[in-house]
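First chain written, first letter: the chains are A, B, C, D, E, F, G and H, and each begins at residue 1.
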Amino acid sequence: MDNSIILDILSSLHNRRLTVESAYEKLKNLPYEDISIAKVDHHRHMRQGVPEVVFAKGKKTKDVVKIARSLYRKSKRLLITKASPEIYKKLKLKDAQFFPDSGIIAVSDKKRKKGCILIVSAGTSDIPVAEEASLTASFLGSNVESVYDVGVAGIHRLMDIRNLIDASNVIVVIAGMEGALPSVVGGLVDKPIIAVPTSAGYGTSLGGLTALFAMLNSCVPGIAVMNIDNGFGAGCLAHKINILKKS
Amino acid sequence: MDNSIILDILSSLHNRRLTVESAYEKLKNLPYEDISIAKVDHHRHMRQGVPEVVFAKGKKTKDVVKIARSLYRKSKRLLITKASPEIYKKLKLKDAQFFPDSGIIAVSDKKRKKGCILIVSAGTSDIPVAEEASLTASFLGSNVESVYDVGVAGIHRLMDIRNLIDASNVIVVIAGMEGALPSVVGGLVDKPIIAVPTSAGYGTSLGGLTALFAMLNSCVPGIAVMNIDNGFGAGCLAHKINILKKS
Amino acid sequence: MDNSIILDILSSLHNRRLTVESAYEKLKNLPYEDISIAKVDHHRHMRQGVPEVVFAKGKKTKDVVKIARSLYRKSKRLLITKASPEIYKKLKLKDAQFFPDSGIIAVSDKKRKKGCILIVSAGTSDIPVAEEASLTASFLGSNVESVYDVGVAGIHRLMDIRNLIDASNVIVVIAGMEGALPSVVGGLVDKPIIAVPTSAGYGTSLGGLTALFAMLNSCVPGIAVMNIDNGFGAGCLAHKINILKKS
Amino acid sequence: MDNSIILDILSSLHNRRLTVESAYEKLKNLPYEDISIAKVDHHRHMRQGVPEVVFAKGKKTKDVVKIARSLYRKSKRLLITKASPEIYKKLKLKDAQFFPDSGIIAVSDKKRKKGCILIVSAGTSDIPVAEEASLTASFLGSNVESVYDVGVAGIHRLMDIRNLIDASNVIVVIAGMEGALPSVVGGLVDKPIIAVPTSAGYGTSLGGLTALFAMLNSCVPGIAVMNIDNGFGAGCLAHKINILKKS
Amino acid sequence: MDNSIILDILSSLHNRRLTVESAYEKLKNLPYEDISIAKVDHHRHMRQGVPEVVFAKGKKTKDVVKIARSLYRKSKRLLITKASPEIYKKLKLKDAQFFPDSGIIAVSDKKRKKGCILIVSAGTSDIPVAEEASLTASFLGSNVESVYDVGVAGIHRLMDIRNLIDASNVIVVIAGMEGALPSVVGGLVDKPIIAVPTSAGYGTSLGGLTALFAMLNSCVPGIAVMNIDNGFGAGCLAHKINILKKS
Amino acid sequence: MDNSIILDILSSLHNRRLTVESAYEKLKNLPYEDISIAKVDHHRHMRQGVPEVVFAKGKKTKDVVKIARSLYRKSKRLLITKASPEIYKKLKLKDAQFFPDSGIIAVSDKKRKKGCILIVSAGTSDIPVAEEASLTASFLGSNVESVYDVGVAGIHRLMDIRNLIDASNVIVVIAGMEGALPSVVGGLVDKPIIAVPTSAGYGTSLGGLTALFAMLNSCVPGIAVMNIDNGFGAGCLAHKINILKKS
Amino acid sequence: MDNSIILDILSSLHNRRLTVESAYEKLKNLPYEDISIAKVDHHRHMRQGVPEVVFAKGKKTKDVVKIARSLYRKSKRLLITKASPEIYKKLKLKDAQFFPDSGIIAVSDKKRKKGCILIVSAGTSDIPVAEEASLTASFLGSNVESVYDVGVAGIHRLMDIRNLIDASNVIVVIAGMEGALPSVVGGLVDKPIIAVPTSAGYGTSLGGLTALFAMLNSCVPGIAVMNIDNGFGAGCLAHKINILKKS
Amino acid sequence: MDNSIILDILSSLHNRRLTVESAYEKLKNLPYEDISIAKVDHHRHMRQGVPEVVFAKGKKTKDVVKIARSLYRKSKRLLITKASPEIYKKLKLKDAQFFPDSGIIAVSDKKRKKGCILIVSAGTSDIPVAEEASLTASFLGSNVESVYDVGVAGIHRLMDIRNLIDASNVIVVIAGMEGALPSVVGGLVDKPIIAVPTSAGYGTSLGGLTALFAMLNSCVPGIAVMNIDNGFGAGCLAHKINILKKS
């Protein structure tokens, strides 16, 4: 947006080349976006919270690389989710780290991470989603602790991480199959819990729908649920909650 | 079946009014059922295990009453499931007990109950199904212990019934909503577990489908699942497993 | 649990009627729950956060009334969800307020409410769920602002409540039908958003599943979703997040 | 159809080799199709609107090439949808253009395009469907404007294209994931809107069903929906609506 | 919105009590909506097309009556959809007509209706939806012709209404069960077709989902589909398309 | 249709008031239906097979009664399906028989029934559907034998009806719950089998979908399936197959 | 089964080495299958109708080849469905024909085919299923006529095959997408119709479920439906119906 | 856990450096897990029943090999399910057997197997699941008999295995497609039955859901169901039931 049009109108008014009424009319008839969008854009910066992130899936490798480099040049930071090894190879950014399990490419800044998010997952096949949540929240500025392999059938392991649980502001619980882990964690602690169903399992796991529905029906009040395999979203939300504590 | 036909053929053979070949032909051409059904019926008695039970739902009151009285007259025992108060009122059997929560009418014999089945349920609204399972297994001859209100969010209550768990041959776990309780119980004990999902819940509980699928996807190996709200079936199966121990 | 057993063992050790080894053995062989449950119960108090709440649906009126009165006697506070007018009538608690749209009966204390939760809903038929969320969070101690009738087709109304949005720590967005409102709100602000689908609508609204799935698939990162019509859960979680800010 | 049979009958009548009655009988007993099909065929030309289009999916390459060449020879125009690069390679038509994203091969005539259709899409992965709609409507004779990357989370971009919106007769809105864009567009304008859900997304996007159902449940009255990924159908319908304006 | 704030700023600038810069700052920091909403509201009038309509379902009778009377007072026009007889009784508007099959209450103006919309339905139970579409489009200002009872199994009836078909700008086809009628109509004519599935049927009609999916999968290109039983939406869209012809 | 128009044209041609060409043109430009529909109607009589049947569900009582009486007057025959007792009461036809289980009202002629259709059903709650199939086929002119209560768990009963099976031209098998009966019957005989799933059952019977899908997946080749509870359709099809034998 | 045991018993009775009673006892206590299975096997031959068919899908190539050769050796006839080219290559039977579209390998005898089955299909992608039905019915001994490419959008083509329709005993209608063709055919003729949905289509065709449900909900009474893509089953059933006519 | 902390406390008490009260306090405040986990671990050994099993699916080959070798070293026993040939190749354990159909790698001990489990399956494609169940139960110590190819359409084969059925303690029935076999087996015998649906089939077999739902709706009381293709779980549960008999 070019603010000079508004300034011109105001100057003309100031110089009395315009009456109040005609200035008002001119302002009112400005192309819609000239004023409102400026504000939106202003708010947009406030909204950012999740800046410089590229969702690679469904995009062509060359497009991802181009967008990613441009973002990196501006801010020296970058997060690419659902990235293929090929993207990493073609990206050729010295600082970039590639996490093949979760398909994440990240260039983080070195700022101190804040607060504490605990990420708990159940099975081996849930780790990519947990890693995506963890890298996302960390990239956004949150301190993250991850504990893998805490299943319902081994509840006692939850006891081992009691201190971690107590120290965290928000807990992300990731589970596939019957999706019972968030209920079990939620039965033990009084923190906000974000549940992420994964598509791990077969047959009636229905690609994660069973875990999703089980989590939505948790008998523990106050568990919110993300889309299947949506570690990125969980990381974003956990970060937004985590930073509430200190702000 | 009337066995006299076969006896006639055999007599004729014995009396040499028939050759072996023609007797064989006659037997072979008997209406199919004349021989085989006799055996099936014989086996049917062996199969009984679940005798004298009337499923009232979808039947007319007067039909249920008629069948029930006839069964009672023969054996002085009776179990009616999904029965309405109206049926109980019209049945007019002095010995019959009516359980309005589960809609069961029962006339049990006084034989000593065998073994031990433990029935564990989670919420208030699961009790009718638990009661149906319990009354069924008990009617069939099993000793049953029931513990209600043991939810995932209160796992410690499971600890209180450790002795009951250890004493039982098979455990029936009944739960609605996210259906996580069988996994939690199964993580603590090494007994055969029969899981029964209930239609308790709303929204994405999908009338019990969510609990059903969660149970089928339990990360604990060796949990079998019944149809939604099928306390009767769980009671039957638990009884069949329970009596294995002593036979 | 009766702690006297443990104290007896310790006394015997102190009096040297037991060796260290045998005392250790005795402790180790105590019924499992004797020690651990005490702790669980201790933690349970910490876990409470959502105390003195009765879920009335599927319970008998007389049972709800009995539990509710007992809770009220202990704490002079009470929240009953999904309550019928009949329950309210039989409850006969002078301080209790009945909200017939959401079916809530509440006796709140007069403590000052903390922080700020904003509850935004779309249509007339979403109001009962919004009210349930609002009354729950308020009962738990949060300050709540509610704005009804903010639909996607009238986005500009969101602009009118800009100040409320900015002042809140967490936003609960409630919508039926196509469930697009959380995405639109999430596109404008950078707060944690809890989305609650409602069963409002007909045909392919599928009793709220369409809104639920749409919310889970929001293109705005970081929106978490509750079960259909689960205003109570949203109120609990919003409260847990809201109080993070000040603690 | 060969009209000579009818003409023969009429001639015979005219020549009085037939009576009126027998001519009537003969006409009535003509093979059904002889008369009615002629008309159907006549109407069929009127019906064409969507001529010379080949749906390549599920057909063998050689068959597609053969049909396509035959169509091209007759009319020097051609549209192949869901075409593979292999088909394009084997087709060897100098004038043909291949659009690999949408899998379209087109030979258009040079006639001036009429009216205006606006095609709005949300994400990168919706572009193939948008392109299919655009190329189809353009091939049929409509003027098309396309604006990509207008998501719910960036509503202000809609403001930037206000003029395009005002100039169009009908708007095609293409979106995957939560499918909220048609509602948002429909909240701003008073034009016929055709919504096309795409299969973009993962987990509970259910291959586009979530976007489809969300669009069907739009709170904005008067949005019609096409099958998932059906850009071709949307292009056809938009064209039919667009040309109403000028006819 | 109160424009006086803007006018005050402009006046102060004109009176040189403000510099151009500070006036600009003040304008920029006005509550967001002060300027933009004015425009939105302006557009909103343009957007109306579907004014003065009340969706009664899920609202309380007294609320519907209150809103309806207020709308009527302003414009002497009114359309209430999904209305109960009770609403009609309490509304007490002399000019209002009640259509009990479709649950519509209408007060139309007497303006001449424009263009032509043809509404075709299949079975007796589809009539309420057809009537809703018809009354809606007519209320909005379109001329509507309705033909009921034109099923797939009686295709020849379509022939009887050939003239109506040819005279219409857009055709609304309403069908339940297998939802084949739109395909059959679409095979005969080259007009925009809006298909509305109804919930008529039983078993695998799945409450209208089968008809919906069948319509979405029509082999005839260019058929758009509304939500199940959504006669109102079809009427709105048909009107928007119909008036294109003459504008 | 009025044939006089065609006859007029032909007469004019015969009288040489028209040339062959202009007569041809006139015929060609006749409203489409004038010729073709006559034939369709002619074929329609051939198509009848299922005449004089009223589907009462979703129609108003008074409408059903009116249609039914009119049909009865013409042919002294009548079949109303899904009829309420109220319809029967208001119909007041001396010859009409009411079958309350299946909701059928029938006035049959006394013609001899042809061939043999065997109808086999499993449970008490399947009887209404079986009765609907039986009464329909009988009304249409087929001889029908019905055997109820032949479940999978009592296969031997099938043996008892071996003679009936052998004597029938086509077998209709009706079953709810797991829908296994058609497979079992199909494993024993080599007749065309029509399977009808019923909505009997609860939980995962999914209102008959489970039985439907099971039947469609029968491992016995050559079993065709009707809609859930569609006894009427099964009766029609069985009749059409049955009469093939003798024609 | 070895009949010698029965013959031994009968001989012993004949030789009076056994009394009638002990012979009867011996027979009754024979292993169940000794008698009944003989009959079953006898019936099994009657049941055959569909002999010498191998379903290749899910079996290993070498196993299919082995079974197929063994079947061929016995009867010089063979039908393999869902066969891969690899199976055909390894089978090396001089008389075998391979149909790659439907994946069928057939060795037919040269017997004259009986009656007439008409197979009608809609689109190019339905041809493999139509071919499977056709080859199956022909292999079993029925005369088959196939007409491809008869879609709903070109109903007039049905008129062209009026004679074929009239000459057939049963009609198999194969269609994907919206599955409307069976209704349209059923509206024109009074023959038994077997509808086969195909998995052709995309998006909400749901892999054929939409066509399946549409067919089950046909407003034409008496259409029976096969599993998706089940041309083999349709061929079997059509054959069983077709041969009724002549037997 | 390090027990030395508890021993230290007890020693201090014994040495009277602590009072009973302070020792009690110290014990109570020990990190939760110090005591309880010990017990859990103790119980965990009891819970084992299914030890030394690796679920390979979703794990990386090198991880599976590493875990498997470690398990093998400790116990000389091993079971890997859903293993690829590649895992077997890299594992290089002399004693290990690979079953490619079911993807199982097993190293069993030579202990005598106990009791009897009968595993019955229907079709060729169900064999991998049956093999998984069989190898699992056998690995755990149960004697297993397997009978393949016993379909509903060939019930008489069940008669051939009457003796096996009578000798078994529990029967595992594996079936895909319509899933009717468990009902048929359950109609003949009075043993606990575990039903396992398989994903064999196509179209409406819905990847095994149809068989699953059919099994859950069995009209035979007392059949429990496992997840689709879950042979491993069935083997575990069957073993737990089987060993009840002898213990």
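Just so it is clear, contacts are C-beta pairs under 8 Å (C-beta built on N, C-alpha and C of every residue); 3 or more make two chains touch, one makes a residue touch a chain.
These numbers were taken from a predicted model, which means no experiment stands behind them.
Here B-C and C-H are compared, and the pair linked by more C-beta contacts is C-H. In terms of their C-alpha centroids, the spacing between subunit D and subunit G amounts to 39 Å. The distance from the centre of subunit E to the centre of subunit H, each centre being the mean of the chain's C-alpha atoms, comes to 59 Å.
Across the assembly, subunit H contributes 32, 36, 43, 123, 155, 187, 203-205, 209, 212, 216-217, 227-228, 230 as residues in contact with two or more other chains.
You'll find the chains touch as A-B, A-C, A-D, A-E, A-H, B-C, B-F, B-G, B-H, C-D, C-E, C-H, D-E, D-F, D-G, E-F, E-G, F-G, F-H, G-H. Contact residues of subunit E toward subunit A in the complex are 3, 6-7, 10-11, 13-14, 16, 19-20, 23-24, 27-28, 32, 35-36, 38-39. The part of subunit C that touches subunit B in the complex is made up of residues 31-33, 36-37, 40-41, 44, 57-59, 63, 197, 199, 207-209, 212, 227-230.
Residues 123-125, 155-156, 159-160, 162, 200, 202-205 of subunit D touch subunit A in their complex. Those residues of subunit G whose C-beta lies close enough to touch subunit F in the complex are 43, 46-50, 53, 169-170, 187-194, 212, 216-217, 221-228, 230, 232-234, 236-237, 239-241, 244-245, 247.
On subunit B, the positions that touch subunit A within their shared complex are 122-123, 151-155, 177-180, 183-184, 186-187, 201, 203-206, 209-211, 213-220.
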